[in-house]
Amino acid sequence: MLGALPAVLFTAGMLGLPLVLLFVLGFLEIDRGVFTGHISMHGYASVFTDPFYAQVFLRTLLIAIGVTLLCLMIGYPIAYVFYRARGRWKGAILLCVLAPLLTSTLVRTFGWLVILGREGFLNQSLLALGLLKSPVEFLFTLKGVLIGMTQVLLPYMVLPVMASLETISPVLEEAAINLGASKWQTFWQVIIPQTLPGIAGGVTLVFILAFSEFPVPALLGGATFKSLPVYIYQTMATLLDWSRGAALASMLLIGSGLAVYLLQLLFKGLSPWTRTAQK
Amino acid sequence: MIKRFAAALVLFCFLLPLVSCRSNKAGQSVELVVVSYPGDAQIPYRKFLSDPFEKNHPGLSVRLVPSESEDVVAQIKAARGTSPYDVVTLGVPRQISAVDEGWVEQTPRAALPNLAEVNPQFIKACRDTGIPETYSLIGLAYNPDKVPAPRTWADLWNPAYKGKLGMTTPASNLGFAVVVMTAKLNGGSEDNLAPAWPKLHALGPFVVAPSPESLAQLFERGEVAIAPMWNNDAAILALHGLKLKFVQPEPGAIVVVSCMDVVKNSGQTALAREFLNDEISRAFQSHLADAPWYFGPTNKNVSIPAGSSAYMPATIEDLDRATYFDWATAVKHRAEVTEQFDREFSR
Amino acid sequence: MDANGTEVRTSSLEIKPRAWLDRLGAVLLGLLAGIGLLSLILPTLIVVVESFDTRRFIAFPPAGFSLARYRAVFASDTIVSSAELSFVCAVVVILLDVLLGVPAAISLVRGEFRGKALCTAFLLSPIMLPGIVIGIAILIFFSLLGGSPSIPLMVLSHVVFTLPFVIRLTMARMERTNVMLDEAAENLGANRWQIFRHVLLPQLWSALLAGGGFSFLNSFDNLTISLFTAPVRQRPLPIELFYMTRFDLDPRVAAIAALEFLFALMLVGLASGQLRKGGLMRDL
C-alpha cells in the first residue's frame, strides 16, 4: 500500500543501493572520493594475502566469542534474578539494566578508562579484597577490551532473556519439583530449555554487536589494538584507502551474516522445545 | 502525563536559544581554523597570538583545533573544495611529507616580512615552505620518587625501568623519533630502521599511549614512571605540581623543528599568511620561549630565558650539540614503520 | 510397591536431589548477577562522582570537589555548538522517522498487498547491520555521486538506522489495536485522516513516544556512522567526545558524560509513566 512506499524508497535509495554496491566498490580504484576509472584487485587482494589481516580478523572473532560467552554467563543470572524478584527489587533491577542503554557507548567506555588503569579503581578494589597481589595491566590490553565490551553489551543479552522468561510456563516447573527434581536440575532441564529463544536472540544480538563494535576497542585497546572495525576505520579515515575499506567492510558484512546464519542453525538444532515456548 | 512531557519539551526549547546565542556569534563572523597543540600547550598560542589577532580583526574568530596528527592530515587531503583547516602546525617529519605531497602552500617570502629575523637553519629545515614556528626537544621525563635518573638514551634499557615505561606510536613525531633513535642505538640508521624492533622488544612490556598528550596524562596518573617526552609537555606537567624531572639524555636530546603552513585551498589565505607572520614576530616568540612552556624561539632576536636550562639548551650554539636526525630519509619509511609497530606491539 | 500393592516403577529420570548443588547454584547465580548489576551501574556512577574532581587529569577517587570542569565545558564554544548540532539533528531525525515510519507501519499491519512480507522484512532489516558498514557504504556511494560528508547526509544516515526501530515499535502497537474501532468510525462518516487522528493516533501515542525517544538517543549518541558522514568543520558531540577521549583523555569528558546521564534520566523519568500505561514492555 501507498503508506509504506516512502519508507521503502528511502531505505532502498539510502541504504539498499549503497550496500549492494559496496561489494562492487571494493574493486574500484577510488582516490579521495573520486573514481579514477581503473579496476583494481588490491582491496580484496589484501584480504587474502596480508597475514596481518588474518590476525586482526581472528582477534575480532575471539573478542566476539569471548564477550558473548561472558554476557551469557553474567546476563542470564541477572535476568533470572529479575524473574524471581518481587516488588521494588524488580524495578531496581530493571533500572540498572535499562539506564546504561540511555547513555552513549562513549560515556560508558570513558567510565572504564577511569577504572581500568594500573592505579585505577578496579585494581585498587581487587588489591584491597586480597584477590590480587600486584596490579594487573588492564588498560590498553585485550583483557580491558573484553571487560568493557561485556559491560556495554550486557543489556542486549539481559533484555531478550528477560522477555523469554516471562513466557515460560510455571506449571512445568511445579511439575518438575513435584517429580522430585532439585532446583539445580529444574534450572538446567526445565527453565533454560524454555528460554532458548531468548538465549538465541541475546547471543545473536551480542555477537553481531561485539563483532562490529568500534568505540570500545578504539578507546580501551589503546593505539596499537586493531580489531576489524578499528582497522577498517583506520584504512578509510587515516590511510584514505577507500577501495580497501570498502572491501574490508564487505567482508565484515558477509562475516556477520554468516555468523547469524550459523547461530540460527545452532539454536534450531538445539531446540525441539522452542515450538511450545513461542508466543 | 502528556502535558508534563510537553511542558518539559517547551522548557527545553526555551533554554536552547539562550545557548544558541554563542553559536550565532560564531556563525556571523569569519573563522580562521588553525591546527595547533592539544592541552595546555595551546595556551600561549591562544593568549598571545590568536586573541590579539582577533582584536586586530574585528568580526574574526580564530579556532585553535588540537592536532590529531594523522587524522588531520587525512582530512585535509580528502577535502574537496575549500579545505576544513586554514593553517596547520607540523613537525618537520610531517612537513617533509606535506611539501612532497603538495597540500601546503608555498607562501611567497614577500608575504612574510618577519622571516628576515628568523634563523636560516630553521627555514631550511621547514623546506622553505611556511614558517618555522618553534623548535622542541625530545628528552626523558621521569618521576624521581619511583625510578633512578637516566643519563643517556641507552639507559632506558636499564632493568630498573622495566614495566614502568610509556611510549607513543610512530604515528606521532615523538614515537617516530624514538624508533629512529632506537634503530641507531642498535647499529641501524635513518635508512635502515629494522634494528629498532628487537631493541624495542628488549625494553620489556611498556604502555603505548595513543598520543603524547595522553602519555602525559598517564604520567600524571602514575601509570608510567618514565617516558620519552617533549620538553614542553614535561614543563607543563611540572607546572601542575607533578613530581617530574626532565633530562636531555646524552649524546643529546632530539631536536624537532615545528613548522606552520597555510593549507592550499584555504578560504582565508590572506588572513592565514598574516597569522603566520605574527607567529614569528619577536613579541610573540619571546612569550613562547618563556616559562612555563619553553617553546624554542626561531626568531634570532629572542633570547632564551634564564632558568630554562633544565628544558632547553641555553644558546643556539648549545643547540648544535643536540641530536638532529636526517628526517628526509627517515620519513620515506614512516608508513611501514607505523604499521610494523602496530603489529609488533599490539596486545 | 505402593499402598495398594501395585508395583510402582521408578522412571529413569528420578535421581536423588542434592541439596548442596542447589545451594551452590543459588550462590553462583547471586554472585554472577550481583557482579553484573554492579558492573552496569558502577562505571557511570564513578564517572559522575569523578566529574567533580579538582585535578587536571582523570583518576578515581577524586581529590576534591569543584565545578571547574563543568564551567570549562560550558565555556568551550566547540563543545556547546557540537552539542547543539547533535540536538537539532536528533530532533530532525525523530521527525523524519515518524513521517516515514508511521504510515509504513500502518500499511504493513492493516494493508493487504502482494509482497507485504518482503516489504516488512526489508524495512526491518537495517537493525542487524553493523554501523560501520552502513557509514562506509553511504559515504562511498554518495561521494562517487559527487556529494561529500555534510550535515544533511549525516541526518539521513541516522534516519536510515533508526527507522526500523520506529516501524517495529509502531507495528507492535498497531497489532494490538482493534480494527473494529476504525470501521465504526468509518461507518459514522469519518474520512481516512479523521480516523487516523482521532482513532489511531491516541492509541499509538505511547509507541511514538518510545520510538521517538529511542531515535533521539540513537541519533544524539551515534558515533560510528557519524564518523563517516559528518563534515569536518561541524562535528556532532559524539565525534568531539571521541577525539577528546582518544587522544587527550580530556577531563571535561567526565563532566559531559555526567550531564548526558542526567539528561537521559530526566527523559526516562518523564516518559516512564506514559510508557507503563501504554504497555511498552510487551512491545519490546
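Just so it is clear, A, B and C label the chains in written order, and each chain counts residues from 1 on its own.
The working rule: a contact is a pair of C-beta atoms (placed from the backbone, for glycine too) under 8 Å apart; a residue touches a chain by one contact, two chains touch by 3 or more.
None of these values were measured; they are calculated from a predicted model.
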item: Most distant chain from subunit C, judged by the mean position of its C-alpha atoms; value: B
item: Dominant chain pairing [most C-beta pairs in contact]; value: A-C
item: Inter-centroid spacing, subunit C versus subunit B (mean Cα positions, whole Å); value: 39
item: Centre-of-Cα separation between subunit C and subunit A, whole angstrom; value: 15
item: Between subunit A and subunit B, centroid-to-centroid distance (C-alpha), Å; value: 37
item: Where subunit B touches two or more other chains, by residue; value: 71, 80, 210-211, 218, 221
item: Where subunit A touches two or more other chains, by residue; value: 33, 117, 119, 237
item: Shared-contact residues (touching 2 or more other chains) in subunit C; value: 58-59, 148, 246, 249
item: Footprint of subunit B on subunit C - complex, ascending; value: 55-59, 77-78, 80-81, 84, 87, 148, 205, 209, 231-233, 243, 246-250, 266, 270-271, 273-274, 277
item: Subunit B residues within the subunit C interface of the complex; value: 1-2, 4-5, 8, 16, 19-20, 22-23, 26, 33, 38-39, 63, 66, 68, 71, 75, 79-81, 84-85, 210-211, 213-214, 217-218, 220-221, 240
item: Residues of subunit B touching subunit A in the complex; value: 70-71, 74, 77-78, 80, 168-169, 171, 205, 207-211, 218, 221-223, 339, 341-343, 345-347
item: Contact footprint of subunit C on subunit A as seen in their complex; value: 1-4, 6-8, 10-12, 14-19, 21-22, 25, 30, 33-35, 73-75, 77-78, 80-81, 93, 96-100, 102-115, 117, 119-121, 150-151, 154-155, 158-159, 163, 179-185, 187, 208, 211-212, 214-215, 218-219, 229, 232-233, 236-237, 242, 245-246, 249, 252-253, 256, 260
item: Residues on subunit A engaged by subunit B in the complex (per definition of touch); value: 32-33, 52, 55, 117-119, 137, 139-142, 222-226, 237-240
